[in-house]
Structure formats: C-alpha cells, structure tokens
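In the two complexes that follow, chain A is the common piece, with chain B as its partner first and chain C second.
Right, the complex of A and B next:
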C-alpha cells in the first residue's frame, strides 16, 4: 500500500518534470543549443508567480498565463539578440554562452530579491483527498494535469499550426526551410520563446510545491537535460516518458536510500543512459 | 645582440615575478596567488579542451578532490604539505582515468553535460559520506609562512607550462591536436585516440588537483559548496577562452586579466560586479570566440575582425 503512494507521488512529480524538460528538449532539437540557462528560466517563472501572488494576490494557477507570456518574450529576445549570434560557433561556445546567461540571470535575481527562501502558498496548498491511506494533494494533481495538457497542446501546435510546421521544418533542414521562405532566425527565436515560456509555467507550479531561491535552477537544468536525454531528442512525447520515469525513480530512490541521494540518482541515470542507449528511450537509433 | 637583450629582459622579468613577496605587500601577493591557482586550473582545462577538443564543464571536480585529499592527509595523518600535494595530484590523475574511460567515448554536448553532472555528484557525495566532515567542512592547520603558497603555486605553474610545451612538441601533443581536429581521421592514421584522450584528461586532473590542494591549505577551510562550485569550472573555461584556447600562455593571460578586473570591480563597483562574469562570458562568446591571443596575432586590428567573427557564427 505504501508503495502505491510512492508510485502516485512519483507520477505526479514526473508530469511536472516532463513540462520542465520539454522546453529544453524542443530548443535542443530545433536549434541544437543545450540551454544551460533553462533552470534560471524556471526560476524566473517561479518568481513571476510568487510576486503576482504576493503583491496582487493573484491565484498561482491563474498567473500561469502571465508567467508564460513574460518568459516567452524574455526567451524570444535572448535568442534573437544573443544566442543567434553564436549559433554556428563551436558547440562549447554556445554551452558557455548559455551558462553565462545562467550566471547573469541568477546573480541579478539574487541582487534584486536576495537569497531568502520563498514559497507561493495559496490557502488551499495543503488540501487534498484521501482514499484509504493514499493521499493526493490537489495542487500536485492540478500541476500534473496542466503539465500533461500543455505537452499535448505543444504537440498539436507543432503539428497543426503554420508556425509549428515552420519550427519542424527548420529542425529538419535549415537550408531547405530557408529556401521555402522561412525566416530561420525568427523561427529559432519563437522556438526559444516557447521553450522558455513552458519552463516559466513549470517554474510557477514548482514554486507552489518547493521553496524558491535564485539558485534553485542549477539542479533543475541538469534534471531537464537528463529527462530530455532519457526521452530521446526530437520527439514530443519523449520528455513525457522521461519525466515520468525520472519522477518515479527519484521518489523510489529517495524513499529507500534517503533524500540526500536524490541528485546522485539523477546523475547515475544520466551516465547509465548515455552508456547503454545514447539516443534515449523513444529516440531513433541513427544518430 | 637583439637576442641577448631579449633574454636579459626576460630574465629580469622572471626574477621580478619570482621575488614578488619580498618587495610587495600581502595584498598583492594574495591577489597573485589567486591568479596563479586559476592559471593552473585554466591551463588544465586547456589541455583537455583547448588542445584535445573535449570541453569538460566539470573540471572543478579535480580541484575539489585535490583539496579534500590534501586536507584529509594533513588533518588525519599529519603528512607534510608537499607530500599531501603529491597525493592530491595522483588522486586527481587516477580519478581522471577512472571516469575518463567511460565518458571520453561521449562526444559534444553529452561529454560536456556529463562532466557537469560529475561535479554536482561529487558535491552531493562529499556532503553525505562521514569522513569528509560532510556539510560542515574541514579546517586545516595554519601555515607558518603565507609566502610559501606563492612560491609553491608559481613553481607548479612553471613546471606545468614547461611540461606542456615539452609534450606539445612530441607524439602525445600532436596526437591531442589530431584528435581535436578530426578524431576519426586521427584513428585512421594509427593514433591510439583512446590513450591520447585519457592521458590528456589525466594531465588535466593531475595539475588541477594540485591547485585544489594548495587552495585547501591556503584558505585553511574547505567545504563542498566552495571547492565543488560549478561556477569555478566556468571560470576556468572563460579564462582560457578569453585568453585563447589551444595556446600555451593564453590561459595565464586570461586568468590574470579576468581576476584583476573582477577584483577591481568588486572593490570599486559592487553592483557592476554582479553582472561581471555573466556579461564577460556573453561578450567573449560573441566577439572574441578565438581569444585574446588570436587578436594579438592579427596584423592591424579593426572593427572588421569582430564583425567578421559575428558574421561567421550567426544564423
């Protein structure tokens, strides 16, 4: 019975993880940039919701839209006016650049908002329903549902809309896409904006569940990478599988080995995946 | 005659550098120790990334390991400082070989992120195993003469540069550069690429661990967040890239300039210092991806050089 509770907790966490990582996976798959500032964007999303809640008493689940909008614009500008300038440089230059952005964003956040622990805590934060000895908190359930819904929304967006098709075209062949009249630079910027916006939404919901600090992003970047990797690049449902998997393994692992080792488990999965199947669970084998 | 003059000039500079603690105050000596330690680390990153083409984003792991080995040796077994440094360097090289065997098979982003993860993992492990003092950290005995650190680190840096110059003119050096330029072609030419990569990584770990050991005794206190700080890995990278990756003295120049600017800003313009490292990284990646040494080697430098850099790399 106890195991069942762990499975439920793991799956609920995993849904949120999936949303957190799907932005990184999308940006990586389309622009070939591994965005090491991803955790910092999640952190900004968490703060956006926190301040809207604290100053305007806006419900965190309503301010998700604001969080998406703010981060979309921010991400669009970063890609358009910074990352686009180095996108064809050596791979480690783009990694270095995004890490620089991460340090910049984190330091500014720390200067502006200090390192104090904060949390978005609506009145219903600890409510939930119980069935037998199993408890499901409403907040986690809602975060899970919204995450899954957004993953499907992204799938539909990429399949059905013109912008989505442009993004997929650019990810397949930049030159051919350009010949078809697609503005590659803008498509990259929109892709980064969407990735950042989803990271912001994930951050908003993470901020309801765990404390917010300017440095919360570091480990989340690594986790997002692991999830994107486990799921396999260039797939839309890969991060969903990866997120649920990581959520389950982490919850089981911290229960049996102790919460302190949660980060070590994440890393163990990373190395194991890279050695056994570098293309991920749903990834194609021809890379 | 010109040549003689040049050597005399170099000799004077060498003597001036070697005797800094005798004529300058503690403040300058302290600043230079920081520069030299970072120069050793940046040069360590240069070996594996600048010359061999494997950009490690977690070289701080060797620094932390070296710091902990020296600290534990000196606290528990009262070994002399220099002997502890030797243990640290061996531990660093061995660790590089052990992790290098599986991860040096990975390429591109995968290698970079795995090395980033190793740093985070070692931090988490050090927090949790009892004999490292966990999160409380370790306190080392106080050194009798603070100038000792200047001489030790300077000697290590000089040995490192001479050693690197020596291997670069030999089989291993050419092997490293061949791996960087085209690993498959290098393999076809009969180079044992696996051995080359592991040796380069071991050299990198060896010297970076010594820097960690010196730091531990110098600062007299270490804890996991300080010596496994991922930002330190990035500082090594930006110093090397800013100075010039794949050049012998670029990392040293990068370390000196960046630490000087950083210290200057942190004392005079505290707010600006907040933006310093991030801003510097962004600017360097966009305008100076080949580093300062490349700029210096150009004849007649103008806006064109920077615009050309951008034009080549933007989408």
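Right, the complex of A and C next:
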C-alpha cells in the first residue's frame, strides 16, 4: 500500500516538475538561451496569484490565466528589448545576462514584498481524496492535469498555427526562416513570452503548494534545468517525460534510500543522462 | 553598435545590483567604536538576516541617542557596519576579513546561521577580535577551544530538551501518553546538531525512537519523509529545519493525512508570517523559543521584553521575534563589557565578556566557558492563531493542547 502511495506521490511531483520545465525547455530549444531567470519568473507567477487571491479573492485556478498574461508580456519585453540584442553572441553572454536578470528580479521582489513567507491558501489547498491510507491532494492532481493539458496545447499550437510554425522554423534555421519572411526577433520574443507565461502558470500552482518567498526561484531554476536536459531539449514532450521520470525516481529513491539522497539521485541522473544520452530521453542523437 | 549597447546595458544591470548590495559607507570619524557584521540581506536567509540587521541598528540608534558608550571618561558614539553576505559562507568570510583589515572595526557582531558562523568565528579568533553572534547555535562553533567567540542562542543540542522533557512528564500523567518519537532534520550543520541532541534526550528521558530521517536543506518535497512517518506511526515528530521546511512539512502532512499527536519544530512557529501563511493549519504546532515578548525579562537599556517589542515595532513596523532579541542581547553584552573593562582593548573586553552576568530584555546574558550563553528554551504552541508558552510550568501561559486532533476534524 505504501508503495502505491509512493508511486502516486512520484507521479504528482513529476507533473509539477513538468509544469515547471515546459517553459524553460521551449525557450532553450528555440532561442538557445538557457534562461537562468526561469525560477524568478515562476516566483513572479506565484506572487501574481498570491496577490490576486489575497486582495481580490480570486481563485488560483482562475488567476492562472492572469499569471500567464502578465508573465507573457513581461517575457516578451525582456526578449525583445534585452536578450534579442545579444541573441547571436556566445551562449556565455546570454547566460550572464539571464543570471543578472535573475538577481535583479529577485532583489526587486524582495524589496517590494519583503522576504516574509507567503502562501496562496484557498480553503481546499491541502485537501484531497483518500482511500484507506492512500491520499491524493486535489491541487497536485489538478497541477498534474494542467501540465499534461499544456503540453498537448503547446504541441497543437506549434504544429497547427502560423505563429507556431514560425517558431519551429526559427528554431531549425534562423537564416532560412528569415529568407521565408519570418520576423525572427518578434518570433523569439513571442517564444520567450510563451515560455515565461508557462512559468507563470507553474508559479500559480506552486504558490499553493510550497511557501512563497522572493528566493524560491533559485532551486526551481536548477530543477527545471535538470528536467529540460533529461527530457530532451527542443522536444515538446521532453519536459513531461523528464519531469515524470525524475519525480518518480526521486520519490522512490527518497523513500527507500532516505530523503537525504534526493539531491544525489537528481544530479546523479543528470550526469548519467549526459554520459549515456546527452540529448536527453526524447532528444534526437544527431544534434 | 546594438551589441555594444546591449553589453553596456547588461553590465549596468549587473553592476548596479552588485553596487546596491555591496556598498556601505566608510567613515573615519574620531571617537567612534566600530562594530562590524556581515549579514544575509539577500539570498535564502534574507528574511532572518533583516531581523538581525534591524536589531543591531536599533541598538546603535538607541545608544547614540543616549550619548554613546563611556570609556575612560570619554564618550564614544557607536557605528555598526553591516555588509550583505548573500547567504553565502565564502562571501561572509571575505567580508569579515575586510571588516577587520580594511574597515578596522573594534568588535565583531555575528552573521546568521550556524553554517556561516562556523567559518567566520575562525576569523575572530585569528585576529583576536571578540565576536558575539546571535544567529548560530551549533555546538561546532564553540567546541574548538576558541577564546574570542560568544553566542547568545542556546546550544543546538538542547533545542528540543524541554520539549522532550515535557513529553516525558506527560507519560506519567496517564491519559496523555507520548511514548514514541520520530526525529526529522535537514542536512545543515545546525539541524544536524539539533537532531543529534534530540536523539540523546529522547533516550535519556526513556522515550522510544521510531526513526531519524534526514532531508536536503531547502527541499521542496517532503512527501517521502511523511510517508515513512505514516508507516512508523510515532506519537510525536520533532522537526529540525528552517522556517520554509516547517511550513512545507505541515502543508504536506495535511495533504498526506499524516496525523501524529504532536508536531514540534525548532524554527518557524514563533514567527508571525509562519502563522499567517498557514492560517488555521498552524494551530497545535509546537515550537521552541529562547524569547517571547510576553516573557518576564528586564534590562537597563530597553526595559522589559514587551517594552523592547513595542520600541522595535514602532521603529520597523513589525513585531520582533527571538532573532532580533538575540541580536540586541549580543550588542548589549558588548556595551556592558566595554564599560566594565573601561577600555577598547580586544583582549580586555574579551575577558569582561567571559565573566559577564547581565540582565537584559532577552533574559540573563551569561556565557559558559566555551562562549555559548547559558540559557534554556521555552516550549510554545500555536492556539487559535497565537503562540503561547506551554512549558516549563513557571512561564507557561496556556496548557498544552494534546493530542492534536486529526486533520479532518479541525
């Protein structure tokens, strides 16, 4: 029975991980920017939902949309007016830039909202179904469902819409895309906007589940990075597969070996992936 | 051109942040006693770091308003220099080196957290400049025979002593039996020391240990830890972790319907934002604190504990918890020791500290031979959204509510 609970916990955690990583993987795959401010964007999403809940009593599942919109605009502007200037420079430059943005956003948030712990706490926050000793919390289940829904929505968006096709074209070959009349700078900005918006949605959910502080993003960036790599860069389903895999292995390992090995397990898997299949589980080998 | 502008903007962004966090005024006014501290003003300990900074600065303001400290008939103003260590031990060490060698401070006030205090205390010792720290309780700070480090937090190994003693006493009252205990702790230096001490006290008081679990500090998922607790089903769990961990533990305990009769924590329960962010779920949580505004402490400079809390709140707009009180207690100890030694000589002040016995709004400040304060912890419990002392009996404001009702009955 406890094993079943562990598997459920692992899948639910994996769903949350996938939700965190979708945005990072998309931005990385398309623009080749490893966005070190990703966790900070998640944090902004968490605060957006928190304040909407606290001030306007807006349910977190409704304010998901607001989180997406706010972060989309923010992300769009960041890419268009900051990152696009150095997009063709060496990766090190964009790393440094997003690292700086991370520090800036985090510290502005700390100044604006203090480091006090906050939590979006609707009445149903920690409730759930239970059957015997097995429990399934509502919010985690919902986050899991949202995560899967978003992956499929993203898939359809990239395959079926004109903007989506432009994003894919740019990710394959910038120069060829430009020759076909695609506005590369705007496409990058839209991509970053969508990635940031998805981070915002993840933040909305995470803010119900774990304590909100301006510094919560640091560890989330690291986790998203690992998940994106393990799942496979530039693949739409990569974050989902990577997230679920990592969630299951981490939970299972923590239960049987002891929680203190959680980080060893996570980064052990990262190293193993880089050695065995550097392109990730779903990544193509010819990159 | 665009690229150059972008790189320039980037450096501006990164540079301004670095400047903002690193700049601090350098003054060389005469007749000033300089105190230096590297505090975590950003990074993962920013929240607690602010409490200490505010405490130090409140003391600075208060003393200077009252005319400063008199040494050899001459009045000195005090100046507290505070840098930001970004919650990073390596950075903190560098800053203390800088405080000693370049700012030439007279005395050192400590950083926050045991992990950062351990390396920093070596700098105080090397330069033979006394440091009083109010933010590190691990025994490792005080077990190396250092002469220049003093601490105002009770020993980490004893954090849970009173809690366990309380459970032990309950075992004799019959109806409220608490016999089995599980210890959960983070892998930080401080929490390791707390847990090792807790295990010792559980055995010493004849209670049964069902297990000890360690998790990575700052973890965002404790579901495996909680599932294991569900399996071993102890009466009580003792959690040694920082506030974030305590919050997450309670939330996930509810999610996973883990119903122990009591959940006790080291850090967090005494804080206002802990109770605000958990709402009703904070009720019944048990914590420890060396200080509450309602405690019966009194000293010369700030008056009683509750008067201190009022002064603090008036200055900063939020109520202080034990972190700020501990910071101020350290500063008061320096003030008293300097007056007593009637000198600014580090060695003489150090000796005065070693034999200090001072009544403050934080209680009695008296250091043991190893430099750590001789002080106990009160056990507190959240009842109806407020924290009350429940043990030891002499200072209890309310009776302990035990066992806590299961999550679905609250």
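Following the convention adopted for this analysis, the second predicted complex is superposed on the first by the 280 of 287 C-alpha atoms of A that agree within 3 Å, B and C clash if a C-alpha of one lies under 4 Å from a C-alpha of the other, contacts with A are read in each partner's own complex, and residues count from 1 in each chain.
The rule we apply is simple: contacts are C-beta pairs under 8 Å (C-beta built on N, C-alpha and C of every residue); 3 or more make two chains touch, one makes a residue touch a chain.
Model, not experiment: these values are computed from the prediction.
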Joint occupancy of chain A by chain B and chain C, clash or fit: clash
Partner chain(s) touched by A:165 [first = chain B, second = chain C, both, neither]: neither
Which of chain B and chain C A:185 touches, first, second, both or neither: first
A:95 touches, of chain B and chain C: first, second, both or neither? first
Touched partner set for A:274, first chain B, second chain C, both or neither: first
Chain B versus chain C as contact partner of A:140, first or second or both or neither: second
Which of chain B and chain C A:263 touches, first, second, both or neither: both
Touching partner for A:210 - first (chain B), second (chain C), both, neither: second
Part of chain B, among the options 127-135, 163-171, 181-189 or 199-207, whose backbone runs into chain C after overlay: 127-135
Set of chain A residues, in rising order, touched by both chain B and chain C: 82, 85-86, 89, 93, 96-97, 99-101, 103-104, 107, 110, 218-219, 260, 263
Residue ranges of chain C in contact with chain A within the complex: 2-3, 5-7, 9-10, 13-14, 17, 20-21, 42-44, 46-47, 50, 187, 213-216, 218-225, 227-228, 230-231, 243-244, 247-248, 251-252, 254-257, 271, 273-274, 277-279, 281, 407
Complex interface listing, chain A residues touching chain C: 2, 5-6, 9, 13, 82, 85-86, 89, 93, 96-97, 99-101, 103-104, 106-107, 110, 114-119, 121, 125-128, 130, 133, 135, 137, 140, 209-215, 218-220, 223, 250-251, 254-255, 258-260, 262-263
Interfacial residue positions of chain A with respect to chain B in the complex: 28, 34, 36, 82, 84-97, 99-105, 107-108, 110-111, 184-185, 188, 218-219, 222, 225-226, 229, 260-261, 263-264, 266-267, 270-271, 274-275, 278
Parts of chain B lying in touch with chain A, wherever the complex brings them together: 49, 55, 57, 102-103, 106, 108-110, 112-114, 116-118, 120-121, 124-125, 127-128, 230-231, 234, 237-238, 241, 271, 274-275, 277-282, 285-286, 289, 310, 312-315
